[in-house]
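In the two complexes that follow, subunit A is the common piece, with subunit B as its partner first and subunit C second.
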Partner chain A sequence: MLVVLFLVAAPWWAGRAELRLLGEIYLYLSLACLWNLMAGYAGMVSVGQQAYVGFGGYMLFALTMFVGLPPIAAIGVSAVLAAALAVPIASLIFRLNGAYFAIGTWVIAEVFRLTFAQVNALGGGSGTSLPVSIVKSLASSRSGRESLSYFLAIGAMILVFVSIYFFLRSKRGLALTAIRDNETAASGLGVNIWRTKLEVYVVTAALTAAIGGLIFLQKLRISPDAAFSVNDWTAFVIFIVVIGGIGTLEGPIIGTILFFLLRETLADYGSAYLMILGLVAILVMIKAPRGVWGWIAQKYDIELLPMRYRVQLDK
Partner chain B sequence: MSKVLLQTDSLNAFYGDFQALYDVDMSVCEGETIAIIGANGAGKSTLLRSIAGLIKTEPESVRFDGTAIGNWRADKIAKQGIALIPEGRQLFPSLSVEENLKLGSTVGRTGHWQLDTVYQLFPVLKERRTQPSTSLSGGQQQMVAIGRALMSNPEVLLFDEISLGLAPVIINTIYEQLPNIISQGATAIIIEQDVGRAMAAASRVYCLIEGRVKLEGSTHELTREQITEAYFGVAA
Partner chain C sequence: MDWLNAIVQGVLLGGLYALFASGLSLIFGVMRLVNIAHGDLIVLAAYLALSTTLILGVHPFTAILVVIPLMALIGYVLQRGVLNHTLGDDILPPLLVTFGLSVFLQNALLEGYTADPQKLNVGSLETASVSVGELSIGLLPLSTFVVAIVVIVFLQWIFYHTALGRQFRAVSDNADIAQLMGLSKGHIFGLALALSLVVCGIAGILLGARTSFDPAVGSGRLIFAFEAVIIGGLGNLWGTLIGGIVLGVAQTIGGKINPGWQLLAGHVVFLLILAIRPRGFFPRVEH
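Take a look at the complex of A and B:
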């Protein structure tokens, strides 16, 4: 709690570069939590979440430039649009299982990328920048904008984290874990598998699009390759979750910290940096298949965020 | 006997191209307990899985309280009040005992069975409610599986291999509790390898062999010899 307060107050103590980095960390953490909810809890391993990141980003640009919505409202609207879009997409890709599901999501993301690359009004394949007037509408001063986008990022992260936490603690979260453990037994107990997965997929899509909007509100420039990058919005996110510990709430936090530590120290080495990331991933998977957090939790039997109803036991 | 609650009418069930059940006719009346016996691979589990909706069949071939449910999804059937206690228990390993039980109430049917009453039935589960479900012994896991099914307050309980892999003393405990489990107005279908136990617990038995009903009758009327013949295909 203190840590969160301390972080919320960052604009008063941190420099511009740190602020920007922290904002990026929060958004990555949000993406990681969302991917973890899908893959780690609902068993849907998607490699196509960049579809919604990019969609959210492009919708921010389109809705502000052509509809004239203020940026924050545009992000909200794009989340709703992403949810609406996720329903028919889910009905397509839910026919696929396992590896085929993963590939299917990737194909969808590529379709998104190619589609947005065709839209000339949004700069086609080379992309576009957010007009200055819209940027200015956020806050007139540069530092005002920077703290605003920082607050939006940390707010989004807290929103994502808290909603996932409460969702998983609810009866539906229980059903979700049951589905992951044993689909047959869960359906025999009256859990509607299709609907539960659909809910998770749609909510994840909406929140991912909102995060995408925030990411490109920070960047102020969008292009199809950046918006729908499988590397940036899925591979790194999977790295974070797997390193940290898939299927745990703490995992993505640890993973994000590790990822940014590695990135900030090694980014200057170019492709060697990516090779080291790969090496770390391989090592963790061999030495601690349940991620760093899984390893810690097993060794010391602790949970920072009790998910197993331990707190309720003395009722 | 009172009215027929659940029946199958020339039920055929398939795994892909492989046909596991051929024209199985079976019925259970309200409040009745029947047993299904037969060798391995005879189709006993397939029969229960077809009833529970885990295997899709022709709509009319399974009827519950007059409604054709053969092609319904499993979760919908569970909501109607048919609960399967699956072979091998199939607990959720990442959930605690109590969470496993709570999942049983997902269908939202209320009645006699809730956490308290299940804990009364199996007090040992109350002591272990915070433990991961798979850290329990096989017998205790079976109790969780039974409790989980009861939490849905079902009208029909389907027990698949109720005593499989359990120590005899545990099997005794579970069979001692069986009347209490079923007494809450429930109807039950039991799959049991031990013919003696099946005959004692049920009022009627069906003997399956290679996917077909070979023999059916009241447990009072059938002789051990008839069953042995149906079971093995030869007289003992």
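Take a look at the complex of A and C:
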């Protein structure tokens, strides 16, 4: 709690560069929590979440530039649109099982990327920048804008984290873990698998799109390759969750901290750094599939955010 | 005539996609493994061929003699050293490990060969063509298509007419019982990935001869391979060829209408087929 308060107050103690970095960290942590909800709890491994990150980003640009919505409203609307879009998409790709589902999500992301690259009003393949008037409408001063986008990022992270926490503690969350652990048994106990998965997929899509909007509100420039980058919005996120500990709430936090530590120290090495990321992910998955947090939790028998076990005991 | 031409080119392109896909289909059939790094391994093969031609000064098609054993070795070692540790009831570990491998390979290639597009120079074959009526058919695409058919016949023969194929089918049906009967699961899985990467080797060389490539194109090839497999129906190699052809034709026709639609048209047709026939055209009937 104190840590959170300390972080919320960051605009009063941190410099501009730190503020930007922290904002980025929060958004990555949000993406990681959302991906973890799908893969670690609902058993749906997606390598196409960049579809919704990019969609959210592009909708922010389109809705502010052509409809005239204020940026924050545009982000809210784009989340709703993403949810609406996610329903038919889910009904298609839910036909694919396991790993094929994963590649199916990738196809969807490619369709999004290629489609937005065709929209000339949004700059086609080379992308576009957010007009200055819209940027100014957020807050007139530069430092005001920076604080605002910081608050939006930390607010979004808290929203994502808290909603996932309460969702998992609810009856539905229990149903979700039941599905992940044994689909047949869960269905035998009356859990509607398809519906539960659909709900998770749609909610994740909406929140991912909102985060995407915030990411590109920070960047102020968008292009199909940046918006739908599988490296930036999926590979890094998967890395964070796998290293930290998939299927735990604490995992993404640890993973995000480790990821940014690695990035800040190794980023100068470019592709060598990404090679190391790939290797570390492989090693962790083979040697410690529960990630760093799983290893700590097992060794010291602690849980910072107790939920699953207690819920089960109380029943 | 233009349209007929587009269709013929699409069919021939489908041969290349079937080559991408049959390696993916093979290992899924044997060990239910979906290799996310499949496309990057194809690109790796293209680069290995490039290095071989540069170092030994041989024709890319001669380089196949180096690339194929090398790919087979990589496949066997990769399976026994890494992937066998991930196989189990949980689909997450193999998926995430091959994803990590994909990121690793892509950046290793970037480090070793830079991002500059490369091409395998196959000499006069690149431009040679035969005329059929008013159509002019490139010899390279045509031979790629023929190679795809030969590879599929060969894989079918291995699967259904050799001792190795019997072992593949045995571990595929029930790995534990096969193990009780004295087969080494790990070894057979290793051979399966080796065989899959041999096909990747052939596909990589033909890809490099046809178009320029760079370290980032692997994921696109994986997606095409995957679409061909799903369109054709899981576990059916001839279906995979049909799937490749459907995808190839969709792309060339889409590209003919508007060059920006080429890839999009392929994906859209794939999604349509997924909507209408979720199990593909020719799903495996038995075995």
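In the analysis below, the second predicted complex is superposed on the first by the 309 of 315 C-alpha atoms of A that agree within 3 Å, B and C clash if a C-alpha of one lies under 4 Å from a C-alpha of the other, contacts with A are read in each partner's own complex, and residues count from 1 in each chain.
Note that in this section contacts are C-beta pairs under 8 Å (C-beta built on N, C-alpha and C of every residue); 3 or more make two chains touch, one makes a residue touch a chain.
Bear in mind the structure is a predicted one, so any value in this text is a computation, not a measurement.
Colleague: State whether A:Ser187 touches subunit B only (first), subunit C only (second), both chains, or neither.
Modeller: In the superposition, A:Ser187 contacts subunit B only.
Colleague: Could you say whether A:Ala281 touches subunit B, subunit C, both of them, or neither, answering first, second, both or neither?
Modeller: Touch status of A:Ala281: second partner only.
Colleague: Going by the contact rule set out at the top, does A:Leu96 touch subunit B (first), subunit C (second), both, or neither?
Modeller: Only subunit C is touched by A:Leu96; subunit B is not.
Colleague: Could you look at A:Glu110 and tell me whether it touches subunit B, subunit C, both or neither (first, second, both, neither)?
Modeller: In the superposition, A:Glu110 contacts subunit C only.
Colleague: Tell me which partner touches more residues of subunit A in the superposed arrangement, subunit B or subunit C.
Modeller: On the superposition, C touches more of the residues of subunit A.
Colleague: After lining up the shared chain so the two structures overlap, which partner does A:Val242 touch, if you call subunit B first and subunit C second: first, second, both or neither?
Modeller: Once the two structures are laid over each other on A, A:Val242 reaches subunit C alone.
Colleague: Output the subunit A positions appearing in both contact lists, the one against subunit B and the one against subunit C.
Modeller: none
Colleague: Within their complex, state which residues of subunit B touch subunit A.
Modeller: On the subunit B side, the touching residues are 52-54, 73-75, 78-79, 83-84, 86, 90-96, 98-99, 102-104, 106-108, 129-130, 148-149, 152.
Colleague: Inside the complex, what are the residues of subunit C that reach subunit A?
Modeller: 33-34, 36, 82, 85-86, 91-97, 99-108, 110-111, 219, 222-223, 226-227, 230, 260-261, 263-264, 267-268, 270-271, 274-275, 278
Colleague: In their shared complex, at which residues does subunit A touch subunit B?
Modeller: The touching residues are 171, 174-175, 177-178, 180-182, 184-193, 247, 308-310, 313.
Colleague: Can you check the complex and tell me which residues of subunit A touch subunit C?
Modeller: 39, 43, 45, 47, 92-93, 95-96, 98-100, 102-104, 106-107, 110-111, 114-115, 117-118, 230-231, 235, 238-239, 242, 246, 271-272, 274-275, 277-279, 281-282, 285-286, 289
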